[in-house]
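As structure tokens, here come the structures.
Heads up, the next two complexes both have subunit A, just with different partners, subunit B and then subunit C.
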Partner chain A sequence: MDKIVCACGNVNPAGTELCESCGRPLTEETKEKKIVDMRYEGSARRSQTYNKTIIDKVWNFFSSVKVGMWIIVAILIAAAIGTILPQVFYVPATNETDIAAYYQRVYGGFGTLYYKLGLSDLYSSWWFQVLVGMLGISLVIASLDRVIPLYKSLKKQKTKRHLSFLKRQRIFGMGKSDVTEESLLKTEEKLKELKYNIKREGNAILAERGRFSRWGPYVNHLGLIIFLFGVMLRALPGFYVDETMWLREGETLYVPETDGYFLESKEFIYETYSKEESKEVYGDAIDRVGTIAKNYQTDVSLYKGPEDSVAGHTEDLKFEKEASIQVNKPIKFDNFSVFQMDFRLDELATMTFQLQDKETQQSFGEFTIDLADPQPFYELDEGYKVEVMDYYADFTGFEEGVPQSQSPLPNNPAFLIKMYSPEFPKGETSFVMIKETVEPLGVNQHKIAFQSVETRDVSGLTVRKDLTLPLLALGGLIFMIGVAQGSYWNHRRIWIQLSEDGQTVVAAHTNKNWLSVKRDLDKVTEVAHLPKYLDQQDIDSLEEKVDKEEGV
Partner chain B sequence: MDMASLSSTLLFIAFVAYLVATFLFGGAVKSSNAESTKSFDRWGKLAITVTIIGFIANLGYFITRWIAAGHAPVSNLFEFTAAFGMMIVGAFILIYFIYKAPALGLFALPIALLIIAYASMFPKEITPLIPALKSYWLTIHVITAAMGEAILAISAVAGFIYLLKNIDLTKRSKERFWIEAVMYVLVLVVGFVVASLSFYLVNYNAEYNYISKDETQHTIVYTMPALFGMNESEAITDGAFEPLVEMPPLVNAKKLTTVVWSVLFGTVIYVLLRLILRKRISTVLQPLTKKSNSQLMDEIGYRSVLIGFPVFTLGALIFAMIWAHEAWSRFWGWDPKEVWALITFLFYAVFLHLRLSKGWEGKKSAWIALIGFIIIMFNLIAVNLILAGLHSYA
Partner chain C sequence: MAQSKKRRFYMRTAILAVLVVAIVFTVYSNLNKEKNAVLQVGDKAPDFVLVDMDGTERRLSDYKGQGVFLNFWGTWCKPCAKEMPAMDNQYGEYANKGVQTLAINIGESDLKVNSFSNRYGLTFPIAIDRNKSVMESYNIDPLPTTFLINPEGKIEKIIKGEMTEEDIANFMDQIKPS
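Our next item is the complex of A and B:
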């Protein structure tokens, strides 16, 4: 396409609507408008100029604000739908069948439908991510399409603008008033006082302030792009770790994914507010609600093993530091943070039993089973011995005569035990549960009598590494700078020109906040006797003016 | 007087001051012929002075409660909602000093009053902080987010005035229907307050046993006659109202009962108002907007979004993410409250972009501002009360 040569001599790129230099409308369409569209200074945007190749078409699609808005609206609606029922990661089930069953059980038919449609894991669905990706592309293309021509146009603008440009500004005034060189100087002075940058060319003044606010939108879009890029990086190995670990009091465990770090739990602390110890003003709330949690805390020691140490090998550990992990206060080391997320109180740790004679209850010795590490044999008094043949940590009952355990957690321990005594050197078999004993192979003479338990608390910890955080923070910061730049400042321009026939022309434009530019202009008008201006878009005032003129 | 009761007294003073100021702004609106008339000056100055006195008392409430509680009073539904009401007044004062539009006060103050009244219907006692809330980010995040939302709310008020002025209420139209619907919803909030207060004054209380969705038995105290019963509910209190309908375990029948009572009370009030006034409420209020300049209202609507949007983003997204990373180990977890903050952000982003295109000024923009406020209120009320999530403390 050809370049457009304006009457003033400036050569504009094809597609320009307003001459970059003098502002004359260049297309028939623009000439017909009463107020010109000043959005991008009437500059030639690629998307408005070319539409031939596939690349043009893709470019034009993504550069459209309208398309961008539809993408945002689609994301917005999808996001809202995702909040109707809890997402899978908030559901207390881990495998597909349990999850499906959960939605069915709790939310009925609607729940099943929600799950089947994939809405229960909407935010990680491919189509949601495609939408976010499209938004990213739109951000890049829409910004590039605008920012470059806008920059060129603002750089090239001349102080003296053609009347046809000024007349088509929203704020415009023209009249024969006795504006002299002196009053022009006064105008300049006043505008300088109002923090405008002044350019003068013969009898024309261009006062401009806050041009940098025009870059705000592009700066904030850049911030968003960096942020989205950071989020994408998390998919790469090494950038992101999200693991959980259950750590029992007294236990030392390898911290998953770390370079040989180990954590030992010294104690888990759970505190609630008591009326006696806390502030008096909390009394009513404690009475009404009952128990209010005050603190979840795991006191730990951090150790570092040798470089090549593996999970389970707790030898040669070097002590690093002690810490109290609380909610809101994770322990941090080597790019990792470990958070207090969950807990189980009073998990069974050991159980102590006696081997007794059923009739006389005479004891033949006591033994203690460590539930995390049950031994096969426990030697008792002379000639007495107990063999733990099988251990069911979370016993749920018998299925076809076979004992079942639903998890490795010692929630309901049961043991298949053989009791050896001088009378029964081949042993008597007993199935020992909490509060109950079954004798599967006939009546025994001896029994296992429960004595005591020891319990301990378990801390649920989350292990996290996220190397994308600095990038996300940078994106967020740039976004905030850009959005503040574009929102709290605005680009105002005031043109004042004396024409040869003695007319004075005033026009003003701002990208936002019209009241302020009018106020500025009012102040200038006062000192310099400029002609009255009109806001050509303020219908109320225009009507009022017409009313007055007609004497109504 | 101890801090806690001083704090309640100050809130009450603020409430009364806002009420008085509303009427004074009414006077200012009626008498303002041109911006410079003396009568306008007198009424307008008086109105804004009373508003500021109220706001100072309101700040006094906030500070004394902070001292009494030992943490920023934004930790439960009452505290947050009341703070939001206060900040709407603060945002209004800010915008008033830029634009000097008395009509804005006439409509912003009643909204703030309604929100504070609504807040006061929730348990008001000072609660100690649960572990998740024990962080200075509570103060920073919540206050900034509420400030952003309050400034955005002013945009809706300006939009509302714009619409009320510019919709032709003499002819049947969609616009006329919807603006009246907005009035009806506002009356429903009044209905909630009146219903809560009435049952509170007659000291209504009834306890029920019920079976929750995890199949365990709980007790629940109704403060309004149970229209809907919880799953397999049984009255404990003698002579308690027998629920009309029993709900499945998924539905919180107590909350449903409250909603239905509010709608009933609100509807009765609305019908009474219509019978007494013999006009639509919007028709009654319309004359109060006659002297407002449409262009100015449109600009206030846009400007308050421009001012509020960055504050909201900072508070409700950026600070939120920083805190979420410290407390919950991830900066983003698709919790309903988070998602709805994102939705609010996206919605106002759309608003700002649409302003760039032709034809999205005036009425359309005003409607969008109103919808934005509805989204904010949804996030404030519904997400806490209906959608389950990490943020539902109340």
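Our next item is the complex of A and C:
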């Protein structure tokens, strides 16, 4: 491909439509146009010019705005499909088979299909991420391919433009009028007043304002690219953590992903509004729904294990601080935030029993079993003792005579107990469940009588760390600056030239808001007696209208 | 002319390469994160220290030079109950060949772990991960999960779910010090 040498002597890159310097149309196609396409100043977008190697072809593919649009449409459609059914991280199941079963059970055949196609985990699927990545590539390449030539041609533009360029502007006027040097000076003055930058070259004036609005879209793209880069960083270890933990009152647990931090729950607090305190605000609502939550709160202590201690280490925890975690008021430490997210009330914590004579119901002592840590023996009155032989936290029944527990949670505690008494020094065996007792080895004289329970609450906490937030905020800010720059400002140019045969030429261009540039031009025309201009696009549309009407 | 074209070619290749590498890296690490947040085969097994049911302190790094068959389990988990007697048999076979077995219970009570171990007559060391920090650092889900750790302290294999006695024997053989 060769460079194009314009009649004015400027050497333009191949593919240029309007001479970068004087503005003469360079291609046949452009010459035939009544109004030139000013979108990229008629510059040679590089993507359109070279198409030889594979690299060039790939480059051109991503440089195309059309391709970029289709990528966005594809992402939109995919993202929309991902909202039809809940995504996998909202499903109350943790392993693959449970998740598949959940979709099958709740959403039927469609759910199964949705799961099988991988749509249930769409946003982390490789193809969705590749789509977003392609959008990133498109943003970078399309911007590079446009902003550089645009910058060059705006910088290179001559004050004096060729008539063939001016004629093809949407706003154009030409006529013999007695415009003198003095009126040119007046024009300049008026345009300056209107905040235009003036360039003068002989009898030619170029007035320009708001050029920086042309960079709006590229600033906007830069913001998006920074944003995407921030999202990309989340994949790196250490930048982003989003974990959950269940913490029971009285329990001390390791905080996932942290560097040796532990949380102890002192108390979970759930408060509701009472009718007396807030009759005006919540009175009606309380009548309707019963209770309205006022506060969810977990009072915690934060501990840190010794430096360079390994997992499993439970001693020498150093107290760091106390805090009350409330909704949207997390405890913060070391870039981590722990949020109040969920709760379960009244999980069984302890159970208190009496050892009694079955007939007389005489008590031989009381004992309390901590369900999190049952003891093997409980000593009672002189000569009486209870042995807990086994404990089933979530008892579901017997399988071949063996008691079964389906989870470690105390949802339905059951105990295999031996009762020792002076009458039975070898013990009587009893299987104690809630509201029921089985005597597997014959009739007993004694029994375990249930007295009371104590419960504790469980806090559902979310552990969060996101070091990419500042970058995302920066990207968002730059994005918005770009949007504002491109929307609230516009690039207006007015050319005024005195030709040697006494003709005055006026032309104007703006990238948006044509009314304003016309108004500016009207004001200048008034003071400087410039020839009348026409909006050539309006004429076209008028003519078109006439044609159409005639056609009917 | 030719030179500027060449420069443009290299420029474009470089930019495309950077972008493609960034995407491939992101997708790759996200997919791996899904599978197993941090630990993968070939990684160094995170060190931990737990006190077993006999009161002996068990520190993973003390086993350097031996293979470690590290099993995470719960008393309520049925596949665990099935595989543990088999593990005990193989523990007897391989303990003197330099493959140690360590079973870590996730946060249950002493009483429950003892009654379980007595019922099945288990002889290998069992420890309870009370504050779930070992579970977190090994990213355990579901139970049972078994890690094969070779004499160099690297993870040789991660087995999720139940194993037969034959599997267990093969796995232990795999991490036998040479």
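Please note the rule applied: the second predicted complex is superposed on the first by the 519 of 552 C-alpha atoms of A that agree within 3 Å, B and C clash if a C-alpha of one lies under 4 Å from a C-alpha of the other, contacts with A are read in each partner's own complex, and residues count from 1 in each chain.
Throughout what follows, contacts are C-beta pairs under 8 Å (C-beta built on N, C-alpha and C of every residue); 3 or more make two chains touch, one makes a residue touch a chain.
In this text the structure is predicted, and so the values were computed from the model without any measurement.
Asker: Give one of first, second, both or neither to describe whether A:Val443 is in contact with subunit B, with subunit C, with both, or with none.
Answerer: Neither subunit B nor subunit C is touched by A:Val443.
Asker: A:Lys512 in the overlay: touching subunit B, subunit C, both, or neither? Say first, second, both or neither.
Answerer: After superposing on A, A:Lys512 lies in contact with subunit B but is clear of subunit C.
Asker: Return the chain, subunit B or subunit C, that is in touch with more residues of subunit A.
Answerer: After superposition, B is the partner touching more of subunit A.
Asker: I'd like to know which partner A:Ala293 touches here: subunit B for first, subunit C for second, both or neither.
Answerer: After superposition on chain A, A:Ala293 lies in contact with subunit B alone.
Asker: By the touch definition at the top of the document, which applies to A:Val281: first (subunit B), second (subunit C), both, or neither?
Answerer: The first partner, subunit B, only.
Asker: With the two structures laid over each other on chain A, which partner does A:Ala372 touch: subunit B (first), subunit C (second), both, or neither?
Answerer: second
Asker: Now for A:Phe262: first (subunit B), second (subunit C), both, or neither, which partner does it touch?
Answerer: Once the two structures are laid over each other on A, A:Phe262 reaches subunit C alone.
Asker: Considering only the touch criterion stated at the top, classify A:Pro86 as touching first (subunit B), second (subunit C), both, or neither.
Answerer: first
Asker: Give one of first, second, both or neither to describe whether A:Pro330 is in contact with subunit B, with subunit C, with both, or with none.
Answerer: Touch status of A:Pro330: first partner only.
Asker: Help me check something: in the complex, which residues belonging to subunit B touch subunit A?
Answerer: Touch residues, subunit B against subunit A: 3-4, 68-70, 98-99, 123, 125-128, 130-132, 134-135, 137, 213, 250, 293-296, 299, 302-303, 306-307, 309-310, 313-314, 318, 321, 325-331, 333-334, 336, 339-340, 342-343, 346-347, 349-350, 353-354, 356-358, 383, 387-389.
Asker: Show which residues of subunit C lie in contact with subunit A when the two form their complex.
Answerer: 5, 8-9, 12-13, 15-16, 19-20, 22-23, 25-27, 29-31, 33-34, 38, 46-50, 59-61, 74-76, 106-112, 114-115, 127, 129-134, 136-137, 141-142
Asker: Hey, which residues of subunit A end up touching subunit B in the complex?
Answerer: Checking each residue of subunit A against subunit B gives 37, 39, 65-66, 68-69, 72-73, 75-76, 79-80, 82-84, 86-87, 89-90, 106-108, 123, 242, 273, 278-279, 281-282, 284-286, 288-289, 292-296, 326-330, 337, 339, 341, 462, 464, 466, 469, 472, 476, 479-480, 483-484, 487-488, 512-515, 535, 537-541.
Asker: Can you list the subunit A residues touching subunit C in their complex?
Answerer: 46, 50, 53, 55-56, 58-59, 94-95, 121, 124, 126, 129-130, 133-134, 136-137, 140-141, 144, 232, 235-237, 252-254, 256-257, 262, 310-314, 372-376, 388-391, 393-394, 405-408
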